[in-house]
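Right after this note come the structures.
In what comes next, chain A is part of two complexes: it sits with chain B in the first one and with chain C in the second one.
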Partner chain A sequence: MNISILLDFALKGLEMSAPIAFAALGAVFSEKSGVINIALEGFMIVTAFTVVWGSIAFQSIWMGLLFALIAGILMSLIHAVATITFRVDQIVSGVAINILAIGVGRFLSQRIFAQETQSAINPYLFPTFHGINSFAFALIPIAFISWFVLYKTVFGLRLRTVGENPEAADTLGINVYLLRYAGVMISGVMCGFAAATLYPSRWINGMTGGRGFIALAAMIFGRWHPIGALFAAMLFGYADTFRIMFETKIPIPSQFVQMLPYVLAIVVLAGMVGKAHAPAADGKPYEMGEE
Partner chain B sequence: MLKLKIDKYRLYELLSPIIGFLAAIIVLLIIVIVVGESPAKAVSAVFKFTMSTTARLATVFSIAIPLFFAGLAVALAFRAGVFNIGAEGQYFIGGLVGAMAGIYLRLPAFIHIPVVVLFSMIGGALWALIPAILKVTKGIHEVITTIMFNNIALALVNYLVNEPLSGRGTSSLEAQTHEIRKTALFGKLNNLFRAIGWNVPDHVYLDYSLIVAILMGILVWFLLFRMRYGFEIRSVGTSLDVSHYAGIRVKHIQIGAFLISGALAGLVGSQEIFAIRGFYTFEIASGLGFEGIAIALIGRNSPLGVVFSAILFAFLKQAGYGLQLYTSVPNAVIYVITGLMIIFIVVINEIMTRYIRALRKKEAG
Partner chain C sequence: MTLLDMREITKVYPGVRANDNVSFSLNQGEVHALVGENGAGKTTLMKILYGLQKPDSGMICLKGKAISIKNPRDAINHGIGMVHQHFMLVPPFTVLENIILGKETHRAGVLRMEEPAKEAEKIMQKNGLIVDLNERVEDIPVGLQQRVEILKILYRGAEILVFDEPTAVLTPQEVDELFKTLKKMKKQGKGIIFISHKLDEVLAIADRITVIRRGKVVKTLKCEEATKPLIAELMVGKPVFMEVEKKPSSPGKVILRIKNLSRTSERGHKVLTDINLTVREGEIYGIAGVEGNGQSELVQAIAEHVKLESGEILIEEENILDWDVRTRRENGMGHIPEDRHKYGLLLPFTLADNLVLGQHHRPPFVKGFQIVDTPEIRKFARATIQSYDIRVPSELTPANALSGGNQQKAIVAREMRFEPKLLLAAQPTRGVDVGATEFIYKQLTTARDKGKAVLLVSADLDEILTLSDRIGVIFKGKIIKEFTQAEATREEIGLYMTGEQESA
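== the complex of A and B ==
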């Protein structure tokens, strides 16, 4: 095996990992604040559309990114309002948003591009580096910033407290709702970044392909830690890259190679030593005490 | 006096699905107006496509059958506090196992049909087994494992149908199994309906899967509300701690409910496989497992409720096609409405609960 194939693999793998990793980082923020977010898939369906639409409409990928971030925040607000303000079951809200998002993507595509299943081609892209989307490199600093924010700032400390022990946080005068809104909205922002690395040259119905769910598995496998989630997401991303690059050279049916990341996820989750460290109040709605 | 009050509260609770549905319909009408269509035209398109003729109405019921299985499967799991997002994978596997029994076993029809139903259920249950075990022994959330199993199922079925079980004819481009034996095919009930005066045309599928659906609905109702095991399932779903103290084997119940849920999910594809196509392919309708979640929620996890919500969803699906055909509103709008409807229902339900609590507080003092 020569160096250029190895470099190709390393870079392509990073590009493939990026959307999963961004979504997984988003999941970390949401769940650290105590809100389970299975709507990442839905967020990404919509942000993936808006990044393409925004780029074409304003002839700049940066505008596309901006619209992806706005769309991510708007989608996350639905989840936040339903689960934090109205304390609706977080998984139910997530399922509903995922269904809603399929409709939003296809509806907008039909209205704007006159085709329900795909958009027009977007020629305004980030510059490429050795054939990959250079925005994928933003993943590394953003993952470290996420770690810094969560573990080295007052905001991060408060966010984690709200997810571990909202009663205590409330007693200390921390606004539980506000921090949980922040956690969920950051997951929307991250799904905006995810869209910018997914496939910004065209929106296709079903293009997210379950990456939002894989991101959740990556977050759990990464033990609700940003850097852990980053590496877990890279495991999935590189497994997929391996499949695409070497499928024809491996003597096993391609469908089994396709299953690999999912089987890997199950095995890894089943074999995780000790208890998984979910935030103690993850998934539990909280009602703030009255003044 | 007191009894009357309790009834009033129950009424509030029952109101939320209705208000949620109406709110979603209002949003739909707003979208119709924004798109530049007249609401009257949209309403007539929906009416025309869903209930203007016997055939249209029968089609709605036909579409409701697989949706009912999906909703019932998810609802039963919900009752035990299990979130089965894996109905999707369970019916792809269940359908294949059932189809195998239909292709490779030689039996007289009166045994063969129950056998393929049973095999479909076993297939679905088996696909739920590992997530069920991982949930109770390792505490791994079933939402994650079942989603992984959905993806594994699709790849596995794709492989099996393309390679070892392939029966691809020269006429078909899409990978498929051999034809299912005549003895295992689901016949139509259309003649029966005609005999009682309901003129269901031949192209509409109201077949044996309808009988299976009714049977399963009754069995699940009986299990949940007339059997000790069902009481334990409901108890576990209501409170794990209380059930534990009451001596109920919580893990045992959750695994059981998960498997029964998988077995019911195994039947989702049965109409398409045994009545419509007559062979198995991984091209059978997908996404019904996820719709099952919405159907269970709106049917409040009761068998009778699921009947109504499955029909409602079938109606919405057809309404979407009607809108697409007769107006410029895309079919996709139905997904938007469905998603919003679920959110509206749960949010309104929460508001009602708070309102009732406030009322009770006021009455108490």
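== the complex of A and C ==
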């Protein structure tokens, strides 16, 4: 029985970690290119809606995923256009998108499902494996692919250059804007993946529950590194799983157990102060040479 | 053979003709120096060559063919490379990664590192530019970082190399190394454009010298016909006396006394060991040394309230270790900091506000209950601008709109106006043009003659030799030798600076 509980915990934890980890990977790409992205939460609200709607409309979770990816890219384009082309403050743009997304989710739900706070049930899901969403397993290969892309490819080297020293990139003939757009758009795609692992059986207003922000914490704790972000996200995911599985079984008031992931986030971030190394040009808009 | 020919280049910014009909050519195997005061238009011309700016008119010919350079990529493709004044490196990347950036070798987008490493090794051997390819750029000294910049350009197969003030950040030894490299590249038939303020260096390395003033070419000289006073005169448009006229010093009582000062860095390295020195009224004490040997830490210990391992700092025999910065300043300490942008000025603030910084809280600049008296500040600023010849449209111009020379003049003016007993001058003429340098030299000697104690720290040995009455050589955090002006020679100080004479 202990073994089965352990297996349960391991799998459930992976499922809980996946949305946070995908979003954190997205944040890594965005910030490595030099664009702070606090709009992940907003991206996820909208992608979580489109994955459900796409699945129902086309009777396939794969279509749902496709629509989630498209929605992720569209949302990320808002952030990219605002911050890269128009050099709007990246935090302001992120906050605005998060607020916008709440409205977009409710508006679409009202128009399509005639209910503002939740969608219809989506019966078209990924196959389950021991009771968890099997798409969660895609997390591990995607995390390693992310690492490979960032550190072993020309694209990754240039993306990181743009986040560290855009001026240098510019003088070497590397297109700063293009790469930053790519970085931000990959974060949109990752939020599409995140949505596909986040209860695609129904969209509910507020279902993202701040995971986009926890993902940011995971990215920082993971030192802007994809594998670091993966493990940090798993720390949060497993802490949450622990709460769900054991809060009734341990003699601590449940409120304290529920706080666990959030307290963890704060403690971890406070402990990281001064040690973390953000890309040098992270958050700084760049104006390319005259033309 | 003419490699490059820039013909009648004109570039107008709102209100300024940055380049006015400038023609400039470069031959194969030649070092052509481009000299001029700050803001004369050297940088604009080079930005045009490198595709960072578009000229309003004029043309650029490469080996006799007209070309158009729209962006740096075009410039690189035409074999033009630039070593920027502020290095264009990515500090957390390795040396090799920095070299290949933008010209990576790959297979289906996946980076290949072995071939570029071999290629880079070859270039390093050929030009005598040895760097460890696997080190991170942030971990290597500035001199090596510059090599990485040069390697980057050579890796792209550049035939024309532009060096924008390359020696500003280098130690004398590193400058020698750089010059050896330049000569090697010259022999290989490359063309080199060398931008500098330092006339000695220009004369030492250049084959031709083009002087540019207010956006116009004043003259192109052959090296043989050029002399320092002649270039200086062409640059500023009036004769300049680089040799500062100085009366013999008549030092009085001791103002600054440092006793057995030792300091450890945050990382636990010993940065200052047992420093003992005194600076008297009416003398300039110069600290010579290769940068990074504890000069910054020493100045900081005197000017700021920092933790020391041991020792005492006395001003007029009073221990100041417990004094905070304001108390130190109020008791007669002036400080020209080494980094004027970071510590010297509030760049977005007006010149007037910058000129009263540090005194802004005292009458006459405030009245009543700490209410700022703006008219008084402006009046003071106007008078200061006039007497210190700061060239600026108005006292309300923000500090970041001033040229480097004028910014530095403003700092000197501020620190001098309040009549300090002790003046700390750290790299006072770094990145400053000849006219402003001359002015600052005059101010420092005037301060001395008025009986102030001046502690001068400079990486420029000529500056130390020109100004100082006594000289201390700092090496690895120790003052290893003191000279009086009479007994100091360039060569001997150089030996101590590099530690050759450490045990003597």
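As a convention for this text, the second predicted complex is superposed on the first by the 287 of 291 C-alpha atoms of A that agree within 3 Å, B and C clash if a C-alpha of one lies under 4 Å from a C-alpha of the other, contacts with A are read in each partner's own complex, and residues count from 1 in each chain.
The rule is short, and it goes like this: a residue touches a chain if its C-beta (ideal position, glycine included) is under 8 Å from a C-beta of that chain, and two chains touch if they have at least 3 such contacts.
On a predicted model such as this, the values are computed, not experimentally measured, just so you know.
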- Message: Per the contact definition in the header, classify A:A82: touching chain B only (first), chain C only (second), both, or neither.
- Response: first
- Message: Which partner chains sit in contact with A:V104 here, chain B, chain C, both or neither? Use first/second/both/neither.
- Response: first
- Task: Applying the touch criterion given at the start, work out whether A:E164 contacts chain B, chain C, both or neither, answering first, second, both or neither.
- Result: second
- Query: Does the superposition put A:A280 against chain B (first), chain C (second), both, or neither?
  - Reply: second
- Task: Please work out whether A:G206 is in contact with chain B alone, chain C alone, both, or neither, and reply first, second, both or neither.
- Result: neither
- Query: For A:P123, is the partner it touches chain B (first), chain C (second), both, or none of the two (neither)?
  - Reply: neither
- Task: Using the superposition on A, tell me which residues of chain A are in contact with chain B and, in the other complex, with chain C.
- Result: none
- So in the complex, which bits of chain A are touching chain C? 152-155, 157-158, 160-161, 164-165, 167-174, 277, 280, 289-291
- Message: So in the complex, the part of chain B that touches chain A is made up of which residues?
- Response: 35, 83, 85, 130, 134, 138-141, 143-145, 147-149, 151-152, 155-156, 158-159, 162-163, 290-291, 293-294, 297, 330-340, 342-343, 346-347, 350-351
- Message: Please output the residues of chain C touching chain A within their complex, sorted ascending.
- Response: 50-54, 70-73, 76, 82, 84, 88-93, 97, 101-104, 106, 109-111, 152
- Item | Complex contact set, residues of chain A against chain B | 38, 78, 82, 86-89, 91-93, 95-107, 110-111, 116, 210, 213, 216-217, 220, 253, 255-256, 258-259, 262-263, 265-266, 269-270, 272, 275-276
